[in-house]
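Take a look at the structures listed below.
In the two assemblies presented below, subunit A is common to both, partnered first by subunit B and then by subunit C.
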Partner chain A sequence: MKSAGAIQKNTEKRASHDVLFSLCENAADKLILLVLLGSVLLFILWPIACIALRSLRGADGGVSFAMFGTVLRQCGESLRNSVFVGVFTAVLSTILSLSAALVCATARGWKKTLCMIIMLVAMVSPPFVSSLAYIQLYGRRGWITYRLLHLSLNPYNRWGVILMQSISFVPLNAMFLSGILEKLDEGSLRSARDLGASGGVILRDIVLPLIRPATLVCLLLSFVRSLADFGTPIIIGGRFSTLAADIYLQVVGYSDLEKSSAMNMFLLIPSIVFFFVYRALMRRSDRLTDASRTAQTELGLLLPHCGAMGWGMIALSTVFFVMIVLQYGCVFLSGFLKSTKGVYSFTLQYWDQLWRIGSSTMLRSVEYALIVSIAGTVFAMLFAYYMDRRRIIGRSLFDCLATLPYMLPGTCFGIGYILAFNHAPLKLTGTALIVLANMLFKQLPTSTKICTASLALLPEVQERSARDLGAGRLAVLRDVVFPALRPAFLSCFVYNFTSSMTTAGSIIFLIDAKRQLAVFKLFDAVYQGDYALASLIASVITVIVLLVEGLAFLITRKGENRRVSRT
Partner chain B sequence: MYLELDRLSKQFDGKYAVHDLSLGLEEGGLLCILGSSGCGKTTTLNMIGGFLKPDGGRVLLDGQDITALPPERRPVSTVFQSYGLFPHMSVLQNVTYGLKFRGYSRAEAKEKGRRYLSLVGLAERENARIGELSGGQQQRVALARALIVEPKLCLLDEPLSNLDAALRVRMRGELKRLQRELGTTMVFVTHDQEEALILADSIAVMSEGELLQLGSAEEVFRHPANDYIASFLGLNDIVWKDDGSVLKVIRHGEKE
Partner chain C sequence: MKKLFSLLLCVVMVLSLVACGSKTDDTQTPDEPQDTAPELSGTMKVVATGDVYGPLFDAFTADTGVEVECLSMSSGEVLSKLRAEGGTPSADLWFGGGIDAFMSAKDDGLLEPVTFDAAAELGDEYKDTEGYWYSKGITIVGFLLNNSLMEELGLTAPESWDDLTDSQYEGEIVMSNPAVSGTNYAVVNALLQAKGDQGWDYFEALNSNIAYYGKRGSDPKNKVSSGEFAVGISYIDASIEQAAEENDLTIVYPSDGMPWVPEGVAVFKNAENVDAAKYFVEWLFSSDDHLRQLAEIEQKNGIKVIKPSIEGIELSYDPTLLMTEDLSLFGSQRTEILDRFEPLMGDKAAAE
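So, the complex of A and B:
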């Protein structure tokens, strides 16, 4: 009983601190919430609002729509081109993605592994790479068109842009679609077969209808990405230009912010409209699939047994996979090959070049990516938690805002930042902070989604138990929520790192000339025709990202092993 | 009264989940709130535990008004229906979690944790992970975790409903023994008449958010206040002991 007395005393001692401590903890809790919501307003809503406000500003300072007229007159053709390319790219990319996703979902054994590896590499490689490879392979002096087939084609036209955009959007789209395919209810497929449906019929009657909303989402996403893409048209468009490319040249060349704001409105408005369609489609998709199931290793369906449609898909995705392998093989090789009078030999001379001009840039890229990965992951974890588990006034509004950057063309988001943070007291232009913030908030939608998915696996009763036993709000975060989100932390980290290493569109206007990043060295090299150096930069970026992903994978597996060995 | 609910009300979407509920419980007593699903019993429990704010009314415990306190500052602990154990912590870490916020040193907490684990018969499993335990064992961990903080009041939300029939009967006895041994005041929510009958000192029958009858087990079963209660309870034949406790329950349809 002596020890019971001592414990009693302890309890009382703690109790006297209790009120004060609990007040502090509550205050900290409110502060976190305020910072989260405030940041979303400041770094997402405000920049977008700035574009709209600036585009409406007339010469006399009043409200005027004059700038839109000017833009329509001057950029009418680019606008039509953008829509033309967007539509074709969306359709082509969606068909390819659907085939590739179905092949990935139905393949088995080594074929599946191979498909996944190719997709992974394609996904983590920086932008502009497909354009780079396109010129190398199919250009005037292309390895395939010129050396192999002895043709001399002009590759710089709209079809090149469409083809390259379509191919480079496939990995992301296909990954998204396979995620949906994994969640299909196996029961419906089985019962269809049980009732006598053949493979082809199951594909047509069950699988495709179930993933139709997701397929439409793919179309939308590809269309918006195509609208936003300025790199491909600039590099291989030749005289063919799109609105995004015009915006890029406008900002870089003339720094006319009124005009580029008005031009951006033509990208911004459709993206925001599509964003709401996207949300409606995703809700419908969630109703059609079994969101509760975590993963299903393979779809109980074999594409070769799916008739003409199955074979068509296999053929299409084979072409796609071969092209991807050629592309990356070509990019990787050109970093090490030197051409003297048409004869290739091995060389390391580009390495020296890279080392001279690029080592500090490369380091800065990694450094930025690490900062954004850690900060962005913590932000997303907290944001997902507060959104999911607390009754916050205006929750749906904040949820919507935080998802908006997903559909926002990068150039819009970038120009919004210039306009929003160009003068005191929020003068951030030219600093590293504006670049980091832009990356973080551009990636917030996906980060939040990863964390929310993981949070859904944490029963609320665990948080209740902790509070019931005396844990305050912050202690619950530390002891229950963060441990449960550990797997999400890693995947969120990897996602943020990959995106930060390869993102270009939204930060291209924000980067200070003295603080270059690797992606822009790559862009400059491609633009100036320095293909060997560009290939090398692209390969190094890809390898760094793959290394980090591999490391994260090992850590996850080690964690799992430890957990398993304890049980 | 030790625990007093004073005209508690809670609405969801304009419909009363609990309406004007008043009842009291003596120190060391075990009250069962009995009712079919949707009768408001879990809502009541959540208001006592601090997870729901009542729209009206007060919760008094040991003379103190605790209506406005958040869950972590109430001297109340809960055994949840799905237990709410922490899967990333060991059994002992789970059991001693609440002591962290009560000024215990690590050694003191461990010692007390072991004592409570042996109280529920799990002394050898202190380093096990939650996932390695059977349903009954998890139940015991949840119980030990709630009792170790020496709450003034322990709430149990259908704690036996996740167990199979034989285990349920055994845990019932064990729960009663623990409650007597530690003298903890408990409120127990269930839809199982037999469970209520065997465990409770007093029973509160609820329906559609209202209290229909409050009394000792014998009172409620022998003299149901109205037809609804009679039909809700009347499934069983009960063999009473002389002191008013239950000797045996014969379920209809069972051959006995």
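So, the complex of A and C:
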């Protein structure tokens, strides 16, 4: 029983609401953008600028380029080594990732589940411990090489570094490739089959060419990651050293910040080149895959029917899966084994040591990881959206900036934070914020890439039509963009959580005695040579990460089901 | 309603971005108020070489009411962090680590001098003349042999540093990079001092037997314990004696002398709780009880060398075996020696 007047009044009220709302919405939109760009400038550009400035500091405190000359003279060999390892690692890791991704995408039933589980476990990969497991398995007294095969091999060389890096990069690469494989245009596969093409031909002539840009991206990602990795070469490099390992040594052995900063600048050059190549390749990849195909059906291809190449891939990934299982089995067992005169016996003594570390450290790690993964995922989603879909001045600059933390060895990103945030008004050292920010921005490059890839699935037309129908910018974000990013949310969250629990390099210098983290204890145990304790901490971290990931998976699954049943 | 919701959502989103900052900001204010008055209060932050010192710090807390927070870091990391912090250190007390890092920090003006009466009882070479650092013990270096591997390879046990250059040990010796390990830096500096002009020839010869230079101080011990290499140049203490027992290793105290290095204690200049840290140094060295407790925790007895008057601690080795070292050279020669040593550590395969 409403009178006409009341209805009109109501409409007027709503109209004024709308104006007010759109004003607010615009303001909020600008504010979000400002916060995003400001944070990138503050937490990425500023620390890196501090490192750059430090590299120019001469002995007398003035500006000097002398350090670059010194570095150029002295580090030629390590730079060559870095490139050597980088190239081999990139190729080997990409071949393995491609095989593993194809096996995962084409396997059925329990085989698929098994592959997925192994990949998920391998993704956790606590630092240093896998290298230690490698020595324990394949070293001069290795369980496999010596005890089983009676070989005495020297594992401390460049090939050890290449093998270990390649294996540890596979899970992330394979996850990326699987995402692309799922987007492949099923139609061309089906028509090729209808025209009588055999599995091998389809694989060689259709699937592989279609994912060539993605494969190249994989190569590049692995190459840059290998350049920045210092943990593997310091543990299994022996006399062989890379630039990243040398930078680490400069920091912990010589405490020479000027020199290590200058060396970092050298690492940044190939990385920036990489960034632009990467962008060009990603654009091509988006064109080749079918953006509108959202149904994630299995790839209609059976590898065993794909001839020699198919079998080769199956064999390679089997070797890879077996190695991963051995490696993690070895890490897990090491926590419970005690060697007395070469004879192993079961022990719980390391458990007691683990308890001394205290559950508060573990809980804090989980808490920080949760904060970083939620805040980081939201940040990455917003950042990817604003960078990808909105025409912002200086877009490629910001995009490039957000990629930089990926290229720097973690230790240096940490030192950069101390240089940048130890003086008023930006005094953040000794707080939890600096650790959280460091984790978030160290992981931003990859989380942004995950979100961008997912965003590519959303045709821009949908956003534009929503805008044309009168939706505000934030409404588009909420009702169009975020739902489309739902799958990215899970992988982004998983990636962020895993990395936060396992990244040691960058936070070694930022941790405060009051707020220690499990991964710091792990690093300390490795440093002190307590392998058993290190293995145990690593196992606990792995279990925690898997539990949280499982939980996150269940929650999103449930949300998805509810959404589906409602529509 | 839907619009209201989206407005709410955007406000919440913006707030949560801001809140990420402000929420954690609250925790940065210290739990206890900072007090510069002579009576001690607040928290003392320590960087130490290990996690084991809890009981000693608890005793300090019981005596003074100062809470102690301890973080484990190697001396090279501490030095890098100090330099990056540029004069506003995040810790108060530096507890343990090779003395060369302390000398270097003193030269950079990063330490605060401490003076107290009991310092007179400490041997002159174990403290800085101006009180910038003190030694809480010494680390000695010897050889660690894996008996079963020695037997399998048919090697005779080396007895002296000179024995190590024998070609039978080729590729079977591990030592740590002297830039990373204070103990192995002591080996290099002490042997160079002892051998004079022939010093570098010695390290050239030794180098051809060394498999690789570990990038962690614990590498030689671990690699020999696990049977990967036959001979390790390693620090020797009670924990090594225990490992030797468990893993069938032999400890060799070289007959031509053991290099050694004092482990430093110092207070950081401009530290937040400089008074507590200064008092801690005095508290520790003025009481034999505290020193004995420390020796028990560390399972080391080197304090007997530093403070000969202390009772109830006996050395487990013959102190005349310790090499004669001019410690003042440890700091001043560090850069020069490491620069000359660096090419030795390179990849032999690549050099050929």
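Quick note on the criterion: the second predicted complex is superposed on the first by the 396 of 567 C-alpha atoms of A that agree within 3 Å, B and C clash if a C-alpha of one lies under 4 Å from a C-alpha of the other, contacts with A are read in each partner's own complex, and residues count from 1 in each chain.
As a convention for this text, contacts are C-beta pairs under 8 Å (C-beta built on N, C-alpha and C of every residue); 3 or more make two chains touch, one makes a residue touch a chain.
None of these values were measured; they are calculated from a predicted model.
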Subunit B versus subunit C as contact partner of A:Met282, first or second or both or neither: neither
Which superposed partner A:Gly430 touches (first subunit B, second subunit C, both, neither): second
Which superposed partner A:Ala475 touches (first subunit B, second subunit C, both, neither): both
Which of subunit B and subunit C A:Glu77 touches, first, second, both or neither: second
Which superposed partner A:Leu114 touches (first subunit B, second subunit C, both, neither): neither
Most subunit A residues touched (candidates subunit B, subunit C): C
Touched partner set for A:Pro483, first subunit B, second subunit C, both or neither: first
Overlap of the subunit B and subunit C footprints on subunit A, listed as residue numbers: 18, 472, 475, 479
Complex contacts: residues of subunit C adjacent to subunit A: 3, 6-7, 9-11, 13-14, 16-18, 20-21, 24-25, 27-28, 45-46, 50-51, 69-74, 76-77, 79-81, 83-86, 88, 90-91, 101, 104, 148, 171, 177, 179-180, 211-213, 215-219, 221-222, 225-229, 246-248, 338, 345-350
Residues on subunit A engaged by subunit C in the complex (per definition of touch): 17-18, 21, 24-25, 28-29, 31-32, 35, 77, 81, 135-136, 139-141, 154, 156-157, 234-235, 238-241, 245, 248-249, 251-255, 257, 339-342, 371, 375, 378-379, 415, 418-419, 422-423, 428-433, 436, 472, 474-475, 478-479, 508-509, 511-514, 516, 524, 526-529, 531
Residue numbers on subunit A that touch subunit B, as the complex places them: 3, 6-7, 10-11, 13-14, 18, 22, 459, 461-462, 464-472, 475, 479-480, 483-484, 563, 566-567
Contacting residues of subunit B [partner subunit A, same complex]: 49-51, 70-73, 76-78, 80-86, 88, 97-98, 100-105, 108, 111-112, 129, 131-132, 142, 145-146, 149
